């Protein structure tokens, strides 16, 4: 496989603290990888290691087939975009874009051509003579992307590039980045803690926790087949409902005795004996009324809280003694105290071993 | 948290139905704040403005040792500008000031950059560079006089080691004495500049450094072309603090050279104080201090306008 | 010298504990050098013997250290009981403001003018015909101090006057002896006046300082003075300048330097080191050229104390004023200080040879020239000091330029 | 960089090149600089420990070889003379404490309140007053001496500790207000607004919200004032009254007078003793000073 960035057994320690633990990651040519995780999970650290801004404590990093473990950032063939934009405040946009190239001693015509091209792609032409202080947040972020663009490199690294922007701008720029990727087709590694960004942008998402990758898959798999409780809980908003219980054979018994048949669930391995387990069901997989009756599992519940979201409505209730949310079509009128039938298909849910937290 | 009424600021909305008048605005609004700020206002009005006006007024009199002279117009100023000692003092201050300012700023910045290199024992080194700032000008002058004294200090020591032609007689050499002053002055002041600069360096967003590394900009160029321009605020603050110290230079000169040899290290503040207390010519002394103040105004007012003028809104 | 101060301090402590009724009187002065503080300790001792207590406030450095403090304390309404102060214009302002006690009645009662060696000494204390201060000594800059040790080194006799001394310079240099020992700063300021009065002569001195006759400055006589001054400048190596006049005294005693023009108080330093005139050092009043010397006095002022001050304290002021000029105090003080007493009717048999020379001069009616300090305002004096400092430091400063600058200052003097 | 040789495939941390010339140069420079900065302190200490004959023999940089004597220190502390009183520096030390402690507390508090009022309770002309203060910092202190004497005399506090406190408050104002103003301006304004909405008044916000958040800048202000006031000569001696002559007066008397043979060792010991308080303040709390400066002074 044509690998663009290859991370082999990389670990990083700050004193006694292990920030990255024997991490492996292969990023294909032109692939858009998102490193997703809560703060402190090591995702930014990993990005900084790839960029060469941090020295690894062990392992190797390859970019474009070259071992760059000891190379300076500028020699790695990467461009990087930062959360705070990190623009040079006293230089105009044009100078910001060209400074690195001129320092490297590139010919003037070539510098101008590259700046022109980047400005064109990012629609920065009107602002070339302005200083960063006179630009909006979105414009600044585009300049920051432009600075990576002019480097004409294969790999783009993004370190939470949108988290300093407001919600509206964030979704606009998200689309722009996606468009940019489609146009440039280079490898992009993107760090964020925002799962929407991850799900919308990524070819593959790497979910990280405590310096390890928990799951590396396409957004669909991550969403529908989380490999463990952590991933299942992290992805999805509102998050997945969890029911504690025991699994024996093809039946799941919740703590309050409710039995949920899981016969059509696709087990990763044949189950053996009786184990403590957690059954996860996404709110949108719970159906109401008549549809519920057709599901392998259904029960009558009382609505506790209703949150109309516009496009749909969230409702809170209890199933088998656990607080559960479900998503209903916005046409359905739900009122607090109302009793109705809900049901779901465990095949669309996820079952985890409560002790190992892994998917079963 | 319910003591409404203790502050005018809080009680204001209660009276919102009638628009507050001018008198209200001046006296009642935020009354506690105004009372609290009144010491500062009084100090500014009475001491800094009042005493300055007082000094300017008596510079137009022939006051001797006490401020009770008759009005004599520009006579004190005419005499001041024809006095050789004043010319020498002013030139000295200009030379010393420029050198000292450039030197302390550059050395202070370089030290700060060195301290910024993730050194071991950074705290220790920083304290070493900073401690002279704790010493008074008198002590600084005395110690350096002791070291630079040709018959007892460095010169005689080095000669004693066998290099008999070695000369380091700056404090007794008319042409070099200002540089002797500079050695002592920068020794005293660079630590503080370093601390300010270091604070400035550390306040710069770490991602700027990362961006510069990714761009392949060498460290020295990053400091010079990116970081330094970003530290404008610190640099200006430092310039004001260092500059005000230089203009007032007095103790150090008195202790180190007492203006000598001859008049070769005289400074304006010393002129003022000599004429005020030794020569008993208050009018002359105050004329000199007025000129000093005017010079400072000319330099500072444009800066004040830039720094505090337009961005009043917070 | 330590002994005296310790004794004085002990005496003070005992007095204050036993004599409860006695008043304490704070006295400010800037006599902090070895000889000086030994001398002032004599005043303190005698004052304490009267049952009062001398509270000593010494502040080194007359112009910059002590003067601002003294003047501002009197102005601010926190006056000391008595203070040493520069005579002349400094005090004038305070006198005008009614802050200094008028001593005229006391002076008349005690008949001061009758026993003062030279009534002219009171000129500096007099304002509007009234006396406001007590001169306690006469000191003079007009001394050439010579090191016998240095002349032994070069095998020449100790010079008898300024001209012989100048002639010996090359030989001294050759032998590695510093011809003229000089202390940094103010120690230079007295020398030009000495040259003016002694090389130029008393008439020239009076013409310039009293009549402010600028033409006299441009005369050939003054040129001689300026040239002598320039010669001295050229023989002094700036690198050999020492910090304090006490260091010069040590240089002379050690034979490291051959000569020095300095005020008589340097004798206090010689005395502290146990040296005797004629043995370790020699002295030439008037530089050996003239038998009239210029002299002025240190003086004490008594500020008007705030209303409500106890009578004890006011009496203590009077007591101190009387005591300062008493025979006993004059002998004790001046022997330590190395200066001349203000009265000639006292027994100075214990005085050393140098002082005896001075007393002889003083006894002649014309012997004492009024001091430059009283003739010129301190403002003019400061300008002259500035000029002299500059001239001395800059070897390229020509004698012609010097004369012109000097004349300009004298012309504008008031 | 793409050396895919069998031996040296880059892996793990970048090898530190044994001795890194760049680091060596940096440490070299910084050690030389540190030596230069330490030299005067070294000279002061060694001189104060030498006997007089050894001092006169020359080499001021040599360590005390013959006998290390603490006699100069004892003399400076207990028996050096100020005029006729030979009690050494000790009484002056306590006087300096008497002046420094209240002056520091009051001047810092006044400046802190002023800075707070300037930032959070802007009133008409507040910037003007601040600008005047900054310009005022360029006037030589001595020029203000006569008027300050007259002002304190009018207030009937001349010659008392109150006068010296007032003077130090006045002359500490420019730099302290600058520091506090900048620091308070850098605090989030939401806090202040939230407190006002909660109904807290001027003083409550100041003492319960601003002060607890401002310890670094208070450290800087206190350090600056303690050293400045301790080192002051003129104001202490003029304004504080006869009973409170500060330590610097004795130092001035000791070093500026010739007691026969100049006792350089006693002078140096006296100098170090007088400078000890500010020095200790810096050695002990230099870290807070730097931190506070970083927190407050950086903003223009």
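A, B, C and D are the chain letters, set down in written order, and residue numbers restart from 1 in every chain.
The rule is short, and it goes like this: a residue touches a chain if its C-beta (ideal position, glycine included) is under 8 Å from a C-beta of that chain, and two chains touch if they have at least 3 such contacts.
Since this is a predicted model, take the numbers as computed values, not measurements.
Participant: Any idea whether A-D or B-D has more C-beta pairs in contact?
Facilitator: Higher contact count goes to B-D.
Participant: Compute the distance, rounded to whole Å, between the mean C-alpha positions of subunit A and subunit D.
Facilitator: 53
Participant: Using mean CA coordinates as chain centres, what's the gap between subunit B and subunit D in Å?
Facilitator: Here subunit B and subunit D have centroids separated by 15 Å.
Participant: Quick one: subunit B and subunit C, Cα centre-to-centre, how many Å?
Facilitator: 38
Participant: So which stretches of subunit C touch two or more other chains?
Facilitator: 68, 75, 243
Participant: Can you list every residue of subunit B that touches 2 or more other chains, as numbers and ranges?
Facilitator: 273, 276-277
Participant: Note the residues in subunit A that touch 2 or more other chains, in rising order.
Facilitator: Residue numbers touching two or more other chains: 75.
Participant: State which pairs of chains touch, listing all of them.
Facilitator: All chain pairs meeting the touch criterion are A-B, A-D, B-C, B-D, C-D.
Participant: In their shared complex, at which residues does subunit A touch subunit B?
Facilitator: So the residues of subunit A in touch with subunit B come to 48, 51-53, 72-75, 78-80, 82-90, 99-100, 103-104, 147-148, 151, 159.
Participant: Okay, in this complex, where on subunit C does subunit D touch?
Facilitator: 1-2, 5-6, 8-9, 12, 26, 29, 31-34, 36-37, 40-41, 44, 54-61, 65, 68-69, 72-73, 75-78, 80, 243-247, 250, 269, 272-273
Participant: Provide the residue numbers of subunit B that touch subunit C in the complex, in ascending order.
Facilitator: For subunit B paired with subunit C, touching residues are 64-66, 68, 79, 83-85, 88, 145, 149-151, 155, 169, 172-174, 254, 258-264, 273-281, 284.
Participant: Tell me, which parts of subunit B touch subunit A in their complex?
Facilitator: Spelled out, the residues of subunit B in touch with subunit A are 205, 207-208, 210-211, 213-218, 221, 225-226, 229-230.
Participant: Note which residues of subunit C are touching subunit B in the complex, please.
Facilitator: 62-64, 67-68, 71, 75, 86, 88-94, 96-97, 184-185, 238-243, 377-379, 381-383, 386-387, 389-394, 405, 412
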